[in-house]
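In the two assemblies presented below, subunit A is common to both, partnered first by subunit B and then by subunit C.
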Partner chain A sequence: MGLPEGAYQALANALGAENICDDPAVTSGYSYMWLIYSTHAQSGRYRPAAVVLPRSTQDVQTIIKIANRYKFNYIPVGTNLLPPTIPARADTIIIDPKRMDSIVEIDTQNMFAVVEPYVTYAQLQAEAMKHGLTITIAEAGAQVSVVANNMFQGMGGTGHKFGYNRGVLGCDWVLPNGDLLHIGSRGNTNADWFWGDCAGMNLKGLLRADSGHCGGMGMVTRMAVKLFPYPGPQTFPVKGANPNFEVDFPKDRFKLNLIKFPDRKKLIEAMYEVGHAEIAAAVHEEPASMVLSGASPSVEYFWQKYPDFMKQWRNVLSVTLIGFSSARQIAYEQKVLDAIVKELGGSFIDEGSELWAIGQDNIGEQIRTGLSNRLFRIAGDFFVIGGFGFDSIDQSYKMSEDYMWPLIEQGQKKGHFVPDDTHNDWLNSYQLGHYSETEPLIYFEHDLDAGASFINSYAQTVVEAVKRRMCTTWPLGPMNYISGPTMCNYHELVLKIKKAVDPRLTSNPDYPVPQEPPKG
Partner chain B sequence: MADTVLAKVDYLKPLEDKPYSQVVTDRQNFSSQQKACLEKLLGAEHVCTDPAALDALSRDKSHEEAGRPCCILKPENLEKLCALVKYANETSLPLTPLSSGTHTYGNALVRMGGAAIDLSGWKHIENIDHRNRSARVQPGVTYGQLQEALAKEQLRALFPLLPRRDQSVLTSNLEAQPKLIPEFNYSEPVYTMEIVMPTGDIFRTGTAALGPPELNKSDMVGPWGPGFDWNRLYTRSQGTLGIVTWMNIMAEPLPSRQKLFFTASESLQVLVDFTYRVQRKWLGYDCFILNRTALALMLAQSMPGDYERLKKRLPAYIQIFCIGGLRRFPDERIAWQEADFLETARECGLAPQPGISQAPRAAAFFEQNLLRCWDGELYWKDRLKGASSDIFFVTTMNRTSRFVEAMHQEAIKVSVPTDDMGIYVQPIENGRACHLEFMLPYDPVDRYDCSRMRNLHGSASRRMYGLGALFTRAYGAWAEMVASGSAVQFQTAKMVKDVLDPKNIMNLGKLGL
Partner chain C sequence: MSLEKYRWDLVNCERCSMCKWVHPWSIKSKERARICPSMQKYKYDAYSAQGRFDLARALLEGEVEMTDKAAEVIYTCTLCGGCDVTCKFTRDMEPLEVLHELRALAVAKGKGPLPGHMPAVDSIRQNDNPWLQPRSRRGHWARKMKVKDLTKDKAEVLYFAGCTYSYNANLQEVARSTLRILQNAGVDVGILGSSESCCASPALKVGMVDMFREHASRNIKLFNDLGVKTVVTSCAGCYGVLRSQYPGVGKMNFEVKHSVEYFDQLLREGKLTFTKEVPLTVTWHDPCHLGRGGEPQDIWDGVRVKWGLSEPPRERNFGAKGIFDAPRNVLKAIPGLKLAEMERIREFSWCCGAGGGVRSAFPEFALETARERIEEAESTGAEALVTSCPWCESNLGDSINAIGSPLKMLSLVELVNKAI
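Let's turn to the complex of A and B:
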């Protein structure tokens, strides 16, 4: 079943025939996913019934109102990286914002930018840097949509200083019933975009949660996002050519430290100490596989190096210092970091060493992220066994050790995942270590059995977490029925609110929570 | 011609088919039965119907109309509170939760009938977690109490400007009162909370949802979700969406030493420009601007003599700025920040000082009071005339001068002396926005002054709104003002209220709902 009769014409009349398309050559492009399992299990089966290209908020309202009238489904997207952007039902259109790609405004004094949904991080950061400002960029890469990423997650390299889920200010949000809701200071026509909390009831609380609604709550058409001070050059200081980029930041304002600890517990202690000392801009445990795949010019290089590199690169903490104020700040913070490392028996990886040569790109990655596409080269597929659950640094460590790594080891035994015995994650500090999140990385072939092993293990992390009453992995769609009953039945409240704003259930209907629990 | 049937009204017959004496008796019975039920539920000593106590709660320090609760309820624990809310659902008894001892902005008035739930007796600090920089507090915990406990752990509470002694820490955070430290990473300081929902069910936000604290194996510092950003939705909801029974909030490293600077200027704009620059460099802790009136209200040793003297001598505006040293190399931390701060001041043509020469008490006062409640009998804002009418909102610092000018014009229109108007500018999140507050002193027993001030409060609020003020804390008449400005927002808010409070019992009439 495609679109209901008359719907395509209504959309074509409203948007112009050139802004809607159902040619399979185009729609197929929206039905496949990097993650083989989701492609086969979910899409592939369904191309979108059409793709529409709105130019304005009003166009988006029109599309959503037509969808309500004719009763078909739609999914708003950014750059389509996330599996829930592929249709799971036939009568679904994609709202692709490719024509909504302007940076509307940059307020350099009050440190924000107003963007449309197709503006990427790379684009925005390049403009912001001209004004001594920057933004934290998701590890998904600088090529993703700023709006989509802030709607979904927004975990960036510099989250230790710039926070997580703290980036959104005023928004124009087309609700699933077609109404235009102004969030934050946009609610007062005489104010502008500078603030995200609403006057009266703070409906910003409905915009997302620890992760987003995957298009299940309408579409944000404009968003003001926070920018942050940046003391670097006006153009991102990159040298070399793909795949051998190098960054070259002024040393008196930017300093990368790669620190090895005798064990992972000491690394965790160091993260706490750095947080309590209120130093640094980026703090991550960096696993060997991630660092090496980011630095490898070819797949062959990776596989030649990996066995030995995995032995040497263990329990490494990457700490990037940024002198927001002056070189004095760097000098002081380095002194504090030196003391912490000494107290905990850590050692700095020497500049000039081979390990340093492989790891040195890390500073560029924190500021303009772009390596995640490279992670797919190792085996064809890549993801994390669990993650996107936020609590303390200790909790991240415990989640990782108690049930994530045991699941990885099971997958390795079955031959599904690439060998890795480091027990090192991409474990991240946010907001000076007030909270944290961890992602144990796995690499697997573009193969359905391995894909199933991944997705089942991922779901199993939710089961294991609620069994232990520990922080859960982000529960995708139906997985909310695993976590909800243990967690104050939040899924029922979410469903009630979804139904209230989306009475005909046309906005990516199975998200954030499907109406019915999964069968079996 | 058809017979015209005249309406017959029997003025003597009671509306009900029973004598009026019976109606009165029934009403009395209803009240005493309700009381008996509540006493059975909560214990007689936790149900108060003393007329004097009810009268005392029927007014607050705002210009809002009075409203009297039918009783004041003090449930002893969570279980009783849930039972009470369930009972209120069954009997459509409206509930208004209170946590602080003094109520300022009308949001705790029982305006549409029903009971007040007084949680100011819930005074436990449930947990202090040094490692994860958090403190879990019940609604009745005050700043003084919390800071005393935190100091033992080398931690500090995030203080608003000189709070009242009986100010609840929980409601201060629930209402998002601005904090003295604009550090981005201290902003949005609520990790998790426990809420008795309007249905009587227990809900916990963030990782606290995983179970009651005694079973929960997380550290309960994950603030988002589950499902929505409940912390944000509940912040400033003024009790309309449920009752918060504890809150886990940020507690930050206590500086081992600190250094204060006072920067004076006759122009707010000059200090605003300076503050932008300092905040952009991510320097220091406490940072805020006061005008001479606000400063004199705090520092005066006598009223009105010393106040008037100070007001004459003090510079028009002062920025107060504090640098702190932490555990490792505290002096060096202070030194580099001081050097950068003073360099920035020089670039702006300003000269920060360790004190205020015209007010020698100032240095010691702020040295002691950035982590203290106001300890005078009369609250500092009320010292001049007995009460203060406040107008405050979120804006950006570059707009503050325009608001001040408009505020002066409004005051002059009703002959309120502008030099008695206190002004407080609190940068938020490294200066990307600010809280701007005007304090208008008036005499609460002088009816003329009250009515003049009520009018000024209304007209000036509308003027500020017209200039783009964001009344995030939409108290009293502000709620209607903002609701009428954004129909979809109001409609969506009502939808949320209907879903979460289907029987419509929680703090009726607040937020315009």
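Let's turn to the complex of A and C:
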């Protein structure tokens, strides 16, 4: 089923015939999402009615106005990693921003960059590094879109220092009625992009809270993002050849510490202490599966090493120190860290040891994510068990230990999830330990039973997190109906906002919150 | 259907998009971050390895038909293998093999090869070369040279000129110079003259698998019967198939070398020395089939078992063991010559745009891809762009002319000649 009559022609007239395509050979490229496939076992019905390639904000306004006039749906996308980019209704087009790929500006004095939606983190950071600047890159990978990621989570390696999605400044936002809204200082005449807030009511709050609106409220066409100081070489210092790359940052400014603690409680105490001392750029609990997959050039290599590695790599905290201002900063921070580790009975993994060799590229990963998608290498599919509580570090830990790991063990018993008895998560400190998120990672095959195990566990953790009055993360679409009622019915408010700005419900209609609660 | 063999890859593609870019750690600038020429030109995801995986899966599952448009999506790809390198960094998958299988399927369904490919395919069938030239003239490039004819004599080394160097008057000098250098270095070398026949790479690239196998097995038998130890070629296209595809067709009692490897070896053995200054700044273009495509492939026939493990375990080619150092060693040994590297090199090299039947079926795409390489080469400050592949040389050369670039297009052997 395609678009309403006349709609295709209207789009083709506006954009040029070469910038719209409805041929299944092309739209198939936007139809498949591993997670949907393994949990729903079908994909064809998700094929979009067409894909359009706008070149400018004006083109996006035109597309959205045509969608309103002819009444069909659209989804703005970045690089399409996330499930909500796959249409759930037949009369949906994808707004693919491949032709909107400019870095509009890098303001080195005020330390921000303005980008269009198809600029990736790796591209932006490569240019920023030439000016001694950097940006926090999502663990999803440096190949994802800066704008799309900031419209969803925007969390990554150096978030301990630079914050969790605190870097969005001025934006150009095409609303679901086609109007253009300037956000932040962008809205003040001649004020430009430099600031995320503005006079009067702050509309930036409409952009996103925890995980954005999943394309359900129009499209951001330009975004200014904060850049941070970077005291390293102008090009990312990589050595080696595919598939064995290594990073080589100057030791006097960049220092990785891999620290083993006697148990997770001590590790978590250390995370707090590091935060209190206001040291370090990146602080993460690194689970064995994640570290080993990052170092694995093949699935065979992973499985050969894993049983033994899992025994040795437990309760390891990765702390990356960056000497932003001087080499002395590193020396000072290292002394503080040494004292914390000593007090809590931790021990540093020796540089030169086999464990170190496997974990050493973690520093590169914190600065420019390049290994994370190797998580899929372990079994085919990978995800987190869900509902992982963006909260204090110890609440995240508690939720994981009390509730999520027992679910993981159930899945393991059924043979659905990869064996793992470490009880270590990818547990992250943000904003100097004031905020955290834990991801108990699971790996499963592309199999319907395993997929069902995953999705049920995910839903259960959302329910449980709600009971605990924790903030659930990624309450995508229908899941808001689970989390909303115990959180001031925020989902009703969000739905009202959605209806106010998108009365015809053309912008990814089931997001951020579907009109109706899910059945069953 | 042999696409079926790749079902695991197809359903496990996670849409990570790594196949569209140079690996993030090796990205040095915004402008030179891409690896996939097809994606760059056509923009829609369908024109990437990820999109072609989706198409392959949809074809397998009967969600879409093999239409003219599907064939266009399949053939607008230079088979450069950039996606293969970057996907394999992350996943245990075979994008390049899937891209080849899609072409074989297009042929089986009567949608391939495309009209633009047919003159070359018919010519291989009729004349043993894709250039519509008579067989009898194949050896003319060497008619004024004193060289062993291996249909009559024996030698250790066969110099396999390949179709393009044999017939293209502008490029024949490359073959002659190479042969002369080998002879002067005391290599026991001979040629096949008019008895040489196409390596059939162009047939394989457009999905004519049977035709390719027939030619390949004939060539393997011929080379084995000659009793040569080494087959040397100057063509990266020939080299790529001889090195990575022929072993899957039959047992080879000879090794395959590209002439740049041989020059490097002769330099190290002291049999080739450079005495003359060549005061020039150059940049080297890694041809796809010499570089990442020059790495031998593991011929694997197995299945994916629990957790996606390969049974039997598979050695994968990551593209980094191709011929990258040899040409650089040769260039660096030339007195007075300065090598200025481009941003995308070695396994992350940007394709010249000619491969995979693109130059014949989609000439505009081929030229645009080349243009991007020319701009990258210009940005190094080099005066000349050097390579060692007739396809790259012609396509990049055409683009230099089309955009009026000040760059000179040179074959590596020309510089070697100047330096001797």
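Here is the rule we use: the second predicted complex is superposed on the first by the 507 of 520 C-alpha atoms of A that agree within 3 Å, B and C clash if a C-alpha of one lies under 4 Å from a C-alpha of the other, contacts with A are read in each partner's own complex, and residues count from 1 in each chain.
As a working rule, contacts are C-beta pairs under 8 Å (C-beta built on N, C-alpha and C of every residue); 3 or more make two chains touch, one makes a residue touch a chain.
Note that the structure is predicted; figures quoted are calculated from it, not measured.
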For A:D394, is the partner it touches subunit B (first), subunit C (second), both, or none of the two (neither)? first
A:A126 contacts which: subunit B (first), subunit C (second), both, neither? second
One more residue to check, A:Q410. First (subunit B), second (subunit C), both or neither? neither
Examine A:R99 and indicate which partner it touches, taking first as subunit B and second as subunit C; both and neither are also allowed. second
Just to be sure I read the superposition right, which of the two partners does A:Q329 touch: subunit B = first, subunit C = second, or both, or neither? first
Considering only the touch criterion stated at the top, classify A:Q312 as touching first (subunit B), second (subunit C), both, or neither. neither
Between subunit B and subunit C, whom does A:V238 touch in the aligned arrangement: first, second, both, or neither? second
On the superposed three-chain arrangement, identify whether subunit B or subunit C touches more subunit A residues. B
Subunit B partner, complex, touching residues on subunit A are 109-112, 161-163, 165-166, 175, 179-182, 184-185, 187-192, 194-195, 197-211, 226, 228-229, 272, 275-278, 324-326, 328-329, 331-332, 335-336, 339-340, 389-392, 394-395, 431-432, 434-435, 465-466, 468-472, 480, 483-484, 486-491, 493-494, 496-497, 500-501, 512-513
Under the stated contact criterion, what part of subunit B meets subunit A in this complex? 131-133, 176, 184-185, 187-188, 191, 201-204, 206-207, 209-211, 215-237, 240-241, 250, 253, 276, 280-283, 326-329, 332-333, 336-337, 339-340, 343, 394-398, 429-433, 465-472, 474, 478-479, 482-483, 485-486, 488-493, 495-500, 511-513
With touch defined as at the start, can you tell me which subunit A residues reach subunit C in the complex? 21, 23-34, 37, 43-44, 47, 51, 53, 79-81, 96, 98-99, 103, 119-124, 126-127, 141-144, 235-236, 238, 241-243, 245, 247, 297-300, 303, 364, 368-370, 373-374, 376-381, 418, 443, 445-446
The subunit C residues in contact with subunit A across the complex are 8, 11-18, 20-21, 23-30, 33, 43-48, 50-55, 57-58, 61, 63-65, 67, 69-70, 72-73, 85, 88-92, 306-310, 313-314, 316, 318-320, 346-347
